[in-house]
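Shared between the two complexes below is subunit A, which pairs with subunit B and subunit C, respectively.
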Partner chain A sequence: MKCLAKTVLAALFVCCLAAGASAGEKLRIAFLFQDLETEFWVAGHQAITETLRGQGIEVIEFNSNQDANRQLEQLRSAINQRVDGIMVIPHDGNVAVTMGKLANRANIPYGVFNRPPSSKDIQAVVVVADNRTIAAAAVEYMCEEALKLGRKFTPAIVVGDLADPNAVERRNGFYDAVNNPKYKDLWIDKPIEIMSKWDANVLTQNFQSAMQANPDIDFLFTSSDFLIPNIKAVLAPLGKWEKVGHPKHVIFGGLDGDKTACGQIEEGYLDSTGVQDVFAEAEMLMNALVAAIQKGDTKPNEWLYDPGFALTHGNFGDRCQDMWGCKLMFEERGK
Partner chain B sequence: MNKLKLFLLNNAAFIIFIVIFVIFGLLSPRFLAYKSLEIIIVNATFIGVIAVGMTFVLLTGGIDLSVGSTMYFSAAVLGYLVNDLGISIWLGMLVCLLVGLLIGALNALMITRIGMVPFIATLISMILARGAGMFITRSVPMDYPESLTTLDAINVFGVIPMPILLFALVVLAASVFLRDTQTGRQLYAIGNDPEGGRRAGLDTRRLTAMTYMICGTCSALGGIVSIAQLGRVNASFGVGNEFDAIAAAVLGGASLFGGIGTVFPGTLLGAVMIQMIQSGLVFTRIDLYLQPIIMAAIIFLAVLVDSIRSSFIKKLQRRNITRQGDAAAGDENADG
Partner chain C sequence: MSAQIEYKTEAGWRRWLRRILASEFFVLYLTIAYVLCLSPWIPYFWSMGNLTDILSNTWPLLVIAVGQTFVLIIGGIDLSQTSVLAFASIVGAALICTSLEPYIFSKCVMWGWIVAEDGGILAHSTAGFVLAIAIMLGCGMFVGLLNGISVAAFRMPAFMVTLVTMMMFSAVALYLAGSENIMHLPDEFVLLGDSYDLVSVPMFIAIGVTILAHILLRRSLFGMQVYAVGVNPMASRISGVPVRRVIILAFVISGLCAAIGSILYTARFEMGRPTLGATMLMDVVGANVIGGVSLSGGKGKILWAVFGVLFFVILANTLNFLNLSFYTIDLVKGVVIFGAATLDVVRGRIAQAS
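So, the complex of A and B:
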């Protein structure tokens, strides 16, 4: 009886090993993301996981829920599991570097999605939107619209988290456009900066104060579209949430290109938004990382840029199909 | 002279509040407008409500790190009930408060029955509640019906914004409870000397448990106030609010070691002061990179003044007692 039990156990062990070996043939990629807080991250997460799985790749997901330390622990866990590649939406640029060093040391190909590492000391495939150019394009359209109205404006910008390179670049892009000599006579005063820290609550509080302190704000750029509902909640009671062409319309622009922005441009409340092509970015990263894994390159090093574009009230009819948020919105409407 | 000193020192928090208000007012005159004050108080309400609950916990020498996650979890439950199950908003809010109460009860259970340290127990429930909230929302932002979000815009009697009235009621109830009821005074007693309280026959476990349940309920209520203002909850809802609530209570004079603190005026002033500084920095258009530094410096200064005030008051009171004692002895001698 004992002998039979031993034989069965041994057979089971061999089966497990065989199963493990066959599982090992499949590529395994760890995908670490910070959260799914905004439509952009949800769409990015969906694009990456669905496409990878569609290619027969096993995706091991880790959600750090906005905790940088947890993300670091999750990376260590992924390395211990000897995955074939690591894709990360990092908590911030510094964490991206720390994680990159660990992945490089473990000889595992490392890819960063949308949030650039704060230094280029690591070897990684980095896909990032050219935030500065995209923001400048969206704000330039707003400036052109302001010029047409032939009066002066009080500009304001909602800034993200200053620890996030994307937020800093978007702010720089805003200033690139606003400080263009072509528009120098447009402004009553220098731009009013409103801190959001990427937090809806902080934004609402600070924007209410900013509107009370400067009730004449009539030119507004938000560094992320996900804050549009909160901006609307502050502007509407003040009678400033009006469509393009209305005398009380605040010239309003954003960045991301999400569903909300698409709907607001279509309805005429939002003048422009800088669009990051989340689907193209996801594809660029996946292709580069999978190619590196298949070539046996454990330290691929490449920066890929999404040039983006500005979807505006003017070009909405022609280009809305190119914006990921509009695609999602039209898909939902079709259902 | 001593009386004047004592008066000034006893009202130091209020004086600091006025000084900060006037400085920001001088730098930006619109800051002194009634509407600005209204915005500041309305924005302080949700942290204020949570800070009231936190004050109860701090009075017993405890701490509750789970308040932000409780806000999120209870908000997620509310959203699920109202959006997905079509339950009425009022019933949803009631269940939301019950969820807060339950998280508080869980904290109480871990601390008073299992004997866990409050820091660890509430850290566990912080992670648990955030996880449970994520499980419900799948991290996707949740929108709430207009019937809830319009509550924020209601002005009671045409002048008092609903959040301010709610905050005032919470402060009033908590203040009366702590100052005028036997149970309230017992909380100070066990906070000052838990062992002494136990020897005196106080049910310290029951009292401590009660504070965590109050804190959990206040967190859920704070969450409702915030939802009414924002109309949308995303995955970061409530993150870091535990520190704002603790800061508000401590700025209002509550001690992290227990036994000291008031809801009125203490926590009320603390919560409004934090929001006032934040607002003032926006009004005066201070460089964004400088704002956190100035905020920290002002809070540090306020706490420092409060700490100096406490030691001065003790000294002055000691001197007064000695003088009164000397005078009484002198009288006795004279009688003799």
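So, the complex of A and C:
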């Protein structure tokens, strides 16, 4: 019996050593993401994991399923696994700061994808779209289309989670365009803000209420394309989901550049969308993080911007191949 | 002769299994066995960092689970603990934050009278800080009182009452903060959640709460009354137990513990979050069930809740290390809770038989 116990203990010890030894050979990067519920996050997840694995890097994935506390615990778990680098799609910009402090303290290079930290107190590689410029470009096209119709409009914006700097910058971009003196005579009133909190259910309820209170809304910008199906679900029963050129068409724009947006522009329901290049963003983040790891820089601090562009009903034929959502859509059609 | 030895061995083995299953340390044994089986495959399990991590995840959950134990023993359930986490978090953070961004918060209902650009009304003073903590605790006790009165005085089912208060106070938290996180908490407050060492402030708070709860439950008249109400409220009433008061107090303790948990989580996050704890209910109830606290009331100990929380946290920790997908993790957690509930029934029968 004693002999058996000793053998079992020895086997356990060897297993520990073997597992420990096998852990240090490859570059290991922990990738923490909040969920895979929208096309953008699915594409972002795919782009990051494929890019990393393509470089021979071991990716340790953690999905927090929209639980910020779980994401924080997962980060601590990643730190304890002594990974070489950490890439995060954080729950929100505030959580990105809390997690960044932990990664900085553990001297592990920390990269944030797309949802930037709400403060620059931490040291991180941050890849983010130039949301303000992209949103302004998309809304400017909408304004130009509105000008052509020669009448006044009731503008509205679907706002994201204002704890997320992306949402703040997209809102700022919208106002940059709408407040341009060139368009000052276009508006009946100030823009109506509809809160979504990046939650489709919240948006549906708030948008339904907004349309009840302001049935004249005919100029609408959504801060994210993933909300388009919910917006359609509210507009269609009101007879306002019509194609470009129809008298009841709501001039409609978005931001992200996902598959749904591509399809809606192609069909004529959406006027424009701001496009971030999710694949290029993933590559930028990976390159910066891997370079820092190889240099031994444990606290790289760099903000990288994706300039993006606006895909519109007007330039769809020329530029649709540059939009990640269209690429995915065309790939699926090809299959 | 050999058949007799075999019979004796089998009987001994069964007796041993029965003793293990009936033991109040069963979950602790299970935890040790689980760790021994799995740790060879997890090279970093025994690292100081991971042990610290396990403990830091244990303390806030333990405090909340201890509160839930009181309600479970009286035969109720407190679903509203998660909303207390969010409600107290937002109220406390709003009172003591040192600054706020007007472009985010100027439309929030608290702006101008509780919070402003230079922070909350109780910020920048020690007395204010202490008062804010007391108000956070008060928030939890208030929700608990509301639950307790509804259950005890109006005879409403605990499940329904606490489900409603969960919805109400989650909504209140979102309304108060305008759905935003409240950052910029003072360093003294953040220190309360600082758990980067084996010995930490949350450890002292959690152990203190646990010992107090244990004494209250096992060494006081109130504790005996809690068990009596859980076993048979009607008989307790006839025997002179103040059933209503016991039920109300159990819910108040649950709310208070949730508020203490809220303080620890808020400090750990370094922010007040209106969605804090939204997905934590399964962890709290699950840890109690795993520990052996009965959902039908009358049975449970603080020590069991401690073992349950420890097992639950170690389970989550090891599943993270195995790099499983989130649905596998939730699936495993669900199976474990189901297994624990089934085992509870088996253990109950064994106890009855012996």
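Everything below uses one rule, namely that the second predicted complex is superposed on the first by the 312 of 335 C-alpha atoms of A that agree within 3 Å, B and C clash if a C-alpha of one lies under 4 Å from a C-alpha of the other, contacts with A are read in each partner's own complex, and residues count from 1 in each chain.
FYI, a residue touches a chain if its C-beta (ideal position, glycine included) is under 8 Å from a C-beta of that chain, and two chains touch if they have at least 3 such contacts.
Computed from a predicted model, the values in this text were never measured in an experiment.
Asks: With the two structures overlaid on subunit A, would subunit B and subunit C clash, or do they fit side by side?
Replies: Clash - subunit B and subunit C, as placed by superposing on subunit A, overlap.
Asks: Output check: A:291 vs subunit B and subunit C. Expected answer is one of first, second, both, neither. What do you get?
Replies: The answer is neither, since A:291 touches no partner chain.
Asks: After superposition on the shared chain, which partner residues are touched by A:149: those of subunit B (first), subunit C (second), both, or neither?
Replies: After superposing on A, A:149 lies clear of both subunit B and subunit C.
Asks: Answer with first, second, both or neither: which of subunit B and subunit C does A:94 touch in the superposed model?
Replies: So A:94 only meets subunit C here.
Asks: For A:188, decide between first (touching subunit B), second (touching subunit C), both and neither.
Replies: neither
Asks: After the superposition on A, what does A:82 contact: first (subunit B), second (subunit C), both or neither?
Replies: second
Asks: Touch check for A:38: first (subunit B), second (subunit C), both, or neither?
Replies: In the superposition, A:38 contacts subunit B only.
Asks: Applying the touch criterion given at the start, work out whether A:237 contacts subunit B, subunit C, both or neither, answering first, second, both or neither.
Replies: Touch status of A:237: first partner only.
Asks: Counting only touches as set out at the top, which of subunit B and subunit C does A:204 meet: first, second, both, neither?
Replies: Only subunit B is touched by A:204; subunit C is not.
Asks: So in the superposed three-chain picture, is A:68 touching just subunit B, just subunit C, both, or none of them (first/second/both/neither)?
Replies: Touch partner of A:68: subunit C, not subunit B.
Asks: What part of subunit A is shared between its subunit B contacts and its subunit C contacts?
Replies: 63, 65-66, 162, 195
Asks: Looking at the complex, which residues from subunit B come into contact with subunit A?
Replies: Interface residues on the subunit B side: 28, 30-31, 33, 35-36, 39-40, 43, 46, 130, 134, 138-141, 143, 149, 153, 226, 229-232, 234-237, 239, 275, 278-279, 282-283, 285, 288-289, 291.
Asks: Using the touch definition from the top, list the residues of subunit C that touch subunit A in their complex.
Replies: Residues of subunit C touching subunit A: 36, 39-44, 47, 49-50, 53, 56-57, 103-104, 179-181, 183, 196, 265, 268-271, 273, 275-280, 316-317, 320-321, 323, 325-326, 330.
Asks: Flag every residue of subunit A that touches subunit C in the complex, lowest number first.
Replies: Subunit A residues touching subunit C: 12, 15-16, 19-20, 23, 60-70, 72-74, 76-77, 79-82, 92, 94-95, 97-98, 101, 105, 118-119, 161-163, 168, 195, 197.
Asks: For a test of understanding, state which residues of subunit A touch subunit B in their complex under the given definition.
Replies: Listed in rising order, the residues of subunit A that touch subunit B are 35-39, 42, 63, 65-66, 159, 162, 192-195, 198-201, 204-206, 208-210, 212-213, 226, 229-230, 233, 237.
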